[in-house]
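By written order: A, B, C and D. Residues from 1 in each chain.
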Amino acid sequence: MTEKISRRDFLRLGAAGAATGVLAGCTSPRRWVVLEPFVRPPEQQVSGVATWFATTCRQCPAGCGVIVRLMNGRAVKLEGNPEHPLNRGKLCARGQAGLQMLYHPDRLSGPLLQSTRGSREFSAIDWNEGINRLFQALAKAGPAVAMLGGATMSDHLFDLFSKLLAAVDAPPPVIYDLYTELGGYRTLAQAMGQVYGRAALPAYRLAEADVVFSFGAEFLGTWTSAVRYGVEYGAFRSQPYGKRGLLVHFEPRQSSTAVTADDYVAIAPGSEGLVAGALLRLIADGNLGLAGRAESARGLAPSLDVEQAARECGIPLEALQRLARRFADAEHAVAIPGGALAGSSNGMHAARAIEALNVVSGNAPAGVNTTPPDLGLARKSLNTFADVQSLIARMRAGEVQMLLIHSTNPAYELPEAAGFLEALAQVPLVVSFGAMVDETAVWSDLILPDRSYLESFGYEVVSPDFGSPVVSSQQPVVTPVFDARTTGDVLLTVARGIPAAAAAMPWDDEVDYLNQMVAGLPEAAYPASTAEEKRARFQQHGGWWPAPAVAAPTLRPQPFTVTAERATFDGNETDYPYFLHVYPSVLLSDGRGASLPLLQGVPDPMTTIAWQSWVELHPATAERLEIRDGDLLRVTSPHGEIVAAAYVTPGIRPDTVAIPAGQGHQDLGRFARDRGSNVVQLLGAALTDEGGGLRWNGVRVALARTGKRIATASLESKVGVTEGLGYE
Amino acid sequence: MFSSLWWRVGRFVRTSPARLFLLAGVVVAGALALSGSAAPAGTTQPIAFNHQVMVQAGVQCLFCHNDALRSPSPGMPSVELCMGCHKTIGAGRPAIKQLADYYARGEPIPWARVNYVPRFVYFSHKVHLTAGGLNCENCHGDVGHMKVVEPVARMSMGWCLDCHSKQTNAPQLRDCVICHR
Amino acid sequence: MAEQASLESPVWNRPLPDDPELAAQVREIREKHLLQDARPPREVAEKVLGPMARLGRVFWLALIVLGGLTATWLATWAYQAYQGMGVTGLNRTIMWAPYIVNFVYFIGIGHAGTFISAALRVLKFEWRAPISRAAESLTVFALLVAFTMPLIHMGRVWKFYWMLPFPNQRQLWPNPRSPIFWDMTAIFTYLTCSMLFMYLGILPDIAIAREKASGWRKRLYTVLALGWRGTDREWKHLDTTLNIFSYGIIPVMFSVHTVVSWDFAMTLQPGWNSSIFGPYFVVGALYSGVGAVIIIMAILRKALHLEYFLREEHFNAMGKFLLILSFTWVYFYFNDYLLPWYHKEPILTVIFRLFTSGWAAPLWFTMLIANILIPWATLWSRKVRSSIPALVGVALLVQVGMYIERYLIVAVTLGYPELPFDWAVYVPRLPEILITLGVFAFVVLGITVLSRLVPIIPIWEVVEGQLLQGTRRIGRAIFPAKTEAD
Amino acid sequence: MSELETRLLDRGQSAAAAPKTELPSHKWTMLIDLDKCTGCNACVVACHVENNVPIRSEREVIRGHGQHWIRIERYWEGEGDAQRATFLPMLCQQCSNAPCEPVCPVYASVHSERENLNLQVYNRCVGTRFCGNNCPYRARQFNWFAPQFEGPITEMLNPDVTVRSGGVMEKCTFCVQRIRRVEEDALVEGRPLRDGEMVPACAQTCPTSAIVFGDRSDPQSQVAQRLGGQREFQVLEHLGTAPNVYYLKAGGSDGGAG
C-alpha cells in the first residue's frame, strides 16, 4: 500500500517541483503550487537530484543494458548502461523511446473481460477475479493449453510459462514474432548449426575487420543487435594507424546500412546466395587472395556459371571479380548474412554460401563455435513459422482449449493466409497479457495486462552474445503507473492451485524465483561475496558477465556443402511485375514501435516521412505509371492487397518496390490506430525450402493508381534534395 | 490620508493639463516594471505549522529541509520525518493530531508554497549554500521568529540581479543560462 | 491693367477682359486651373462642408461593410492569438509571410501622402493644395495598420511591450542591434510627425467648420480647433511650423522605408541581403503610394462631389508622377535581378528560374505587366492621364503589382534558404486572408469616416492659392501667373 | 557585444564596486564524423526525450511544423542509378558569430561569452521569428502551437528543461541543462570540469560515437585533440557564422584522427 501512495506523492511532488512545469515555461506563472512531500520517502531519495537504476531494454530481443534516470521518482531518461558489455552505454532510437512504453496513455489499468470477441467492448474486473478465471480455465483445459510468446518476453517468464505448461502436460510455449522472422534469427541460427555445429545467432566482430561484405544485413538499423553493431562499426571506421575498413553492402534497396557502406551493390532480390557463390567460385578459380584461401574456396564453391550468375544478380562481372579479389586479399574479411535473405525460399542455401565466405577468410562469427558455460538459467528458444503453423493446425482441430498470448501480436504479425484468426475462433478461451489493447487482444476473451519492462523484474540471456556470455538483469525502476500485474506473479499464483505446477514452481513470487536463479550464477566481472550481495550487484550493475576473456573464437567448421539455389517468387512476372522488398522500419521495427509517438513522429532516415507508411518506387517505375509522391497506390500480390502512398526514390532497383513493416494497425493505442497499411497482408504463408521459415521475401506485386492522393508528412524538401541547386 | 493624496494629484494635474500625460506615463511605466515579478499573497497552511517553535526548540533548518546542501531543491520533510519526533513530542496538541492523522491515512500534507519562483527559473540551493556561502536567512528572512512563514522578499529577477551585483563574491549574472534553461 | 484690377477688386469677381478672344482664353484658363477659378471663400467652404455633412445611404452601406470586415480582422486576430501562429500557413522554413507583406505594403502606401504634401509644399507646387489632405489621411491610416502588422505577426503578442524601452526590475532593454527596434523607432517617429503635420494643416479649416456647423459637430470642432482664431500671429506660427515639418519629415520618410528594407537586407537570406534594397524599397513605396492616392482622390471626388476641387489637371499631374516613379522603380528592380542573373549565385539562380519558369511565374509576369507594361503603355498619353477611370484602373493595377512584388520578395524568396533540404512553399490559409482583407477595409473605413468629420479639402490652402493666382497678358496671349503678394 | 549593449546590461550592476568573481568559461564544441553516422535517429529521439521537444502530429508535420532540435538531413549524390544517399545531422551550430543573435529585439536569442554558446531564453522570447528566418541552417524550431503531452507522458518530461509554451522559438542548446549541472557540481567541489564529464544526450547515445563533444579550450580534451584533421569542415563555412559544430567528411581516413 505504501507503493500506491508514495507513487501519488511522486507525481504530485514532481508536478510541484520548481524545475518541472508542464507548459508553464513561458506562460504566466501559477501563483499557488501545492507541495506534497512523501509520506515515507524511498531510500536515497533526494528531491531534485537524479537517481539511476540499471535494467534491460525490451524494445527488441537484443537485450541491451540501460540505465534509467529518475527525478523525484519519475523516469525521465533512458541511457545505455556504460558498464554493459553488449551495448557499452549506447542505445538506439527505439531504446530511447522506451519511456513511452511505461507512460503510454492507452495502457490498461486492471484486467479486462470481453464478452464477444472483436467487439472491443471490455468490462473491467478486479485482479482476483481475473486470476481466478485464468486458474479455472487452466484447471479445466488440462493439457489442451497452448502458449504463444514473443522474443521480447523475459527469459524468466518463458521459464515459468514452460514449467506451468509442462506441469499440465501441455506442449511447450511457441516463441515467434515478426521481428525475429524479419531478422532471420531462426534460419540463420540453423545455418550456423550446419556450418559450425552450434545453432545460435552469429555475432560478427567488425572492430578489427579490413573488409566487410554485408548481404542484405541491415545491421546498422534493425538486424539482431543493431546497437552493438553500431559500436563495432564505429571502431571499424577508426582503427589504429588511420586504418579504415571497407564495407560493401548487397541489397535491392538502399537501407541506411547501404548508405554508410563504401560500396553499395543493388542486387536482384533473393540473389544474395548467388553472389556469395559466385564470389567463392571466382576466388577458387582465380586462385585469388592470401595463401590457402583459394584452396578452401575450391572445397566449398558451388558449381555455377559466373557470367550468368553475375547477370542474374545484376552486378557487372568486373565488379564481381574486383570484389572477390578485395575479399580474398583482405587479412580480416567478414561476410554477414542478413535477415532479408532468410525470408527468401533459398534462405538456408544463401546463408551457408555466405558463411562459406567466412570459412574461406577464416573468420568465424562469435558465439557459434564456442559452447558457452552453463549458467543454470533458462533461456528462450525461438520457434519457426512451421511450428506456428502446427500450432494453428492444432487450434483449428480444436485441440487447444485455451491459448495464452504474451508479448507478441499474431493477429497483426501473421499473414492472413496463415489462417490464425479462423483457427482462433476454434479456441474457447484466449488470454492476452498485453499491456495495451493490440490486434490480438481484440480477439481475446480475457486480458491480464502485464507491466511494462520498466516496472517489472526479469533477466535476458543476451543473444547474440559477442564472444562472452552476458545476462542482462531487469528490475522495476518506478512504482507502477497503472494497475497492471507482472505475469510472472500471476502464473505463480495460478500454479499454487495446480498440484503438479505447485511442485514444479515452489517460489512464492517471481523475485524469489529470480533470486534463486541468480544465486546459481558463476563469478561475475564485479566482486560479489555473499548470495545477497550477488543479487544486489546483479541488479545494480545491470546484469551478470564474466571478466573480459580474450579467447578469440577458433574455427571448427563442420563439413557442409554450398549450392547455388535460385529464389522462387509467388506471382508471375506479367501480372505482378515488381518484386516486393519488405523491411522492418528502423523506428517502428515490426510494428511494436507504432504505438509510441516518439517513434511515429521522428522522420524515417531514408524518406524523412513520419506518421505514415509508403511504397518506395524507382523514378523509372514512377514515370512509367505516372506516379507522383503521395499518390495512393493499390499494391496487389497473389495473397492480398493494400493501399499505400507512393514515395519515389532513386535508392531502389527499378524492378523492385519496398514497403516498410510497422504501420497499418487497427488497434495498439491512439497513436498507432488507422495509419498507413500493414505490408504483411501482402505475404503468403509459404515456407522456405529449408528450415521452416516464413517465405516473406518471395512475393511479386502489381501497382495501380487509385486516383486518390495524400500529402506526404516528410521533413525534407523533395524539390531541394532531388533537383537541388540544379547545377548540371 | 488617501483623500488628501487624491487632492494632491488633482491639483498637480489641474495646474497644467499637460501633466496628465506625464502622470499616465509614470503609472504605465510603473505597472510594466512590476509586471515581471510574481508577488505571493498570504495563504493558509493545512496544518498551523509554527517555525518559531521549532527553531526555538533548537531544530536546525537543515534537519527538516535536509536536501538543501546536496540538491538544487531544499526538500520538504516527509511526513515520516515529522512523525519521527512527534510520535512522542507534543503528541496531544491538535496540530500534531492532524499530522498523525495524515500519517495514519498515509496521505501527504498539501503544503502551500510560500517562496515562489516561476518554473522557468532554475535556482540551486546547493550552490548558494556551499560555494555561495549564504545562510537560509539571507533570502528567507528570520524564519526563527515567524509564527507563520511569509516571504521576506519578492523573489523576482531584479532581486537576484541586485544581490549578485552587491555581493563581491557572487558571479555576474551575465548569461541568461545561469538561471533560465 | 489687369494687375491693377486684381488688386482692387477681390479675385473672385475679377472682370473678364473686354476683348472676346482674350476673354475666351481667360475662361479656358479658369476652368482648367482650380486656383485660377476663384470663388468667394464662403462658397468654397460650402463646397467642402456641404457634402461632408450629408451622409447618404451609400455612406452608411460602406460603413457597415467596411466595419464588418474590420471586425472580422480583429476577431481573426484574437482567434490566432488564442490558438497559436500555427493556424496560419507559415512553416518551419517560411516563418515570415502574410503580415510582413502587408507591413511592407502599407508602409509603402503611407509614404505618398506625406511625400506629396510635404515635398510638393517645399517645392511650392501650388496645384497640390486640394490633394494634400486626402494624401495625408491615407498616410496616417496606412501607418496605423502597418504598425499593427508586426504585432499580429508575433507569437506572444501579449509580451509586445518587451520591445519597448522602459525601466524594469529585470534591468533588461530592447536590443539596439535589431532591425525590428529600428523599425519601431522609425515608424513611431513617422507616424507622430504625419499625424501632427496633418492636424496642424486641418486647424484653420476646423475653425471654419466650427463657424458653419451646429449640434455635436459644433462641439466637436470647438474642441478640435483648439481655439483657433486666425490672428496674424497664429497664421505666422502655423506657416513656420508647417514649413519646419515639411522639411523635417522628408528625410524621416526616406529613412522609414530604408529601415523597413533593412529587415530583409540585413539578413543572410539569399535574395534579401542586397545593398540596393534601401532606395529600391523607397521608390517602390512611392510608386504604390502615389497610385493609392490617385484611387483615394477619385473615390473622394465621387463620394463628396469635389469636381470643383479635383480637376483634370490634378489627375494629369499625378499620372505623370506615376509614370516617372514607374521608370525609377524599374531601374532599381532590374538592378536587383540583373546581377544574380549574371553572376549566377546558386540560390538566387534557383529563385530567378522559379520566377521566370517555375510555379511563381504567373505571379511574376502579372507583376511585370501590372507594374511596367500597362503603365508604360498608357501613362504617356494625356488622354489616359486625364481620364479618371483609366487612370484609376492603372493605379489599381499598380497596387496589385506592387503587392505581388512584396509577396514574391517576402513569402516566396524566403522559401529558399542555403540548405536545399529546408526549401518550402508558403500557401496562405484563411486567417491571413481574412486579416489582410480586414486591414484594407480598415484603411478605407478610416478615410471614409475622416472625410465626413474634417474638411478633406484644405479650404484655406485653396483660397490662399486662389488669392495669389492671377493672369498675365503677353501680347495676345494670357497665361496663368502668380500675382506679387504685397 | 557592442559597447552600448554592455552599458545597457551593466545598468544597475554599476553598484558593484569590488571586482566580481567570474565563473570559468568554456568553448563547447561538437564534432560529427559523417563517416560514422548511420542515420539511425537515436540522437533525434534521445534529444526529444532529454529536452522535452514535443512530437508534432501528422497534420502538423504535413503543414511543415515538424519540430526536431536535431534532424538527419538526407541528400542524394551522383547521377541516375549511381545516386547514393548521404546523411547530414543538422542541429544548431552554436555559431560564434550567430546571425540569429543581433536580430532579436528582446535579447531572447543571446550569446553567452562564458559558455561560448548561443542561448535561447524561452521566457524572454516574444516570437518575432526573426532569428528563425536569419538562421541559414534553419536549426531554430518555432512552437506554432502549445505542445501537448497526453496523459502520463507528462511524467517523463525532464524537470531540468523548461517546457516551452506556444509562440516561442526554441533550438538545440548543447544540453545546456547538463552543462549547468556539471558546472554547479564542479563549483561546489571547487574543481575544474573533467573532459567527458559533460556529454549531451545525442552524443551520449550515438551507437557509433559519430558525435564527440567537449571543451575546445582544454587542449587535452578529445575534441581539441581531434580538431584540425584533413576531413574537417563546417556547414556553410563561407557565411562566416563560425559554427562550433565541426563535421568530418565521410569516406577516406584522416590519419588516425577520424
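We take it that a contact is a pair of C-beta atoms (placed from the backbone, for glycine too) under 8 Å apart; a residue touches a chain by one contact, two chains touch by 3 or more.
Quick caveat, the model's predicted, so the values are computed rather than measured.
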Practice task
Return the chain label for which the distance between chain Cα mean and whole-protein Cα mean is smallest.
Solution key: D
Practice task
Give the label of the chain whose average Cα location is farthest from that of chain D.
Solution key: C
Practice task
For chain A and chain B, let me know how many angstrom lie between their CA-based centres, rounded off.
Solution key: 52
Completion exercise
Between the Cα centroids of chain A and chain C the separation in whole angstrom comes to 68
Fill in the blank from the handout: Distance between the CA centroids of chain B and chain D (whole Å) is 34
Completion exercise
Per the C-alpha centroid definition, the whole-Å distance linking chain B and chain C comes out as 56
Problem - Shared-contact residues (touching 2 or more other chains) in chain A - result: 17, 19-21, 24-26, 48, 716, 721, 724
Handout entry: Per-residue overlap in chain B, given as positions that touch at least 2 other chains
Key = 72, 118-120, 122, 158, 161
Handout entry: Numbers and ranges of chain D residues touching at least 2 other chains
Key = 9, 12-13, 66, 73-75, 107, 122-125, 146, 160, 162, 165, 168
Completion exercise
Among line, ring, star, complete and other, the chain touch graph is complete
Handout entry: Interface residues, chain B side, partner chain D - complex
Key = 72, 118-120, 122, 124, 126-127, 130-131, 158, 161-162, 164-166, 168-172, 174-178, 180-181
Exercise for the section: Spell out the residues on chain C that touch chain A in their complex, using ranges where they run on. Expected result: 93, 156, 346-347, 349-350, 353, 419-424
Exercise for the section: Give every residue of chain D touching chain B within the complex, in rising order. Expected result: 9, 12-16, 18-23, 107, 110, 112-115, 117, 119, 121-124, 160-162, 173, 176-177, 179-180, 184, 187-188, 190
Exercise for the section: Please name which positions on chain C make contact with chain B in the complex. Expected result: 161, 166-171
Practice task
Flag every residue of chain C that touches chain D in the complex, lowest number first.
Solution key: 83-86, 89-96, 150, 153-157, 159-160, 162-163, 171-181, 184, 263, 266-269, 414, 417-422, 424
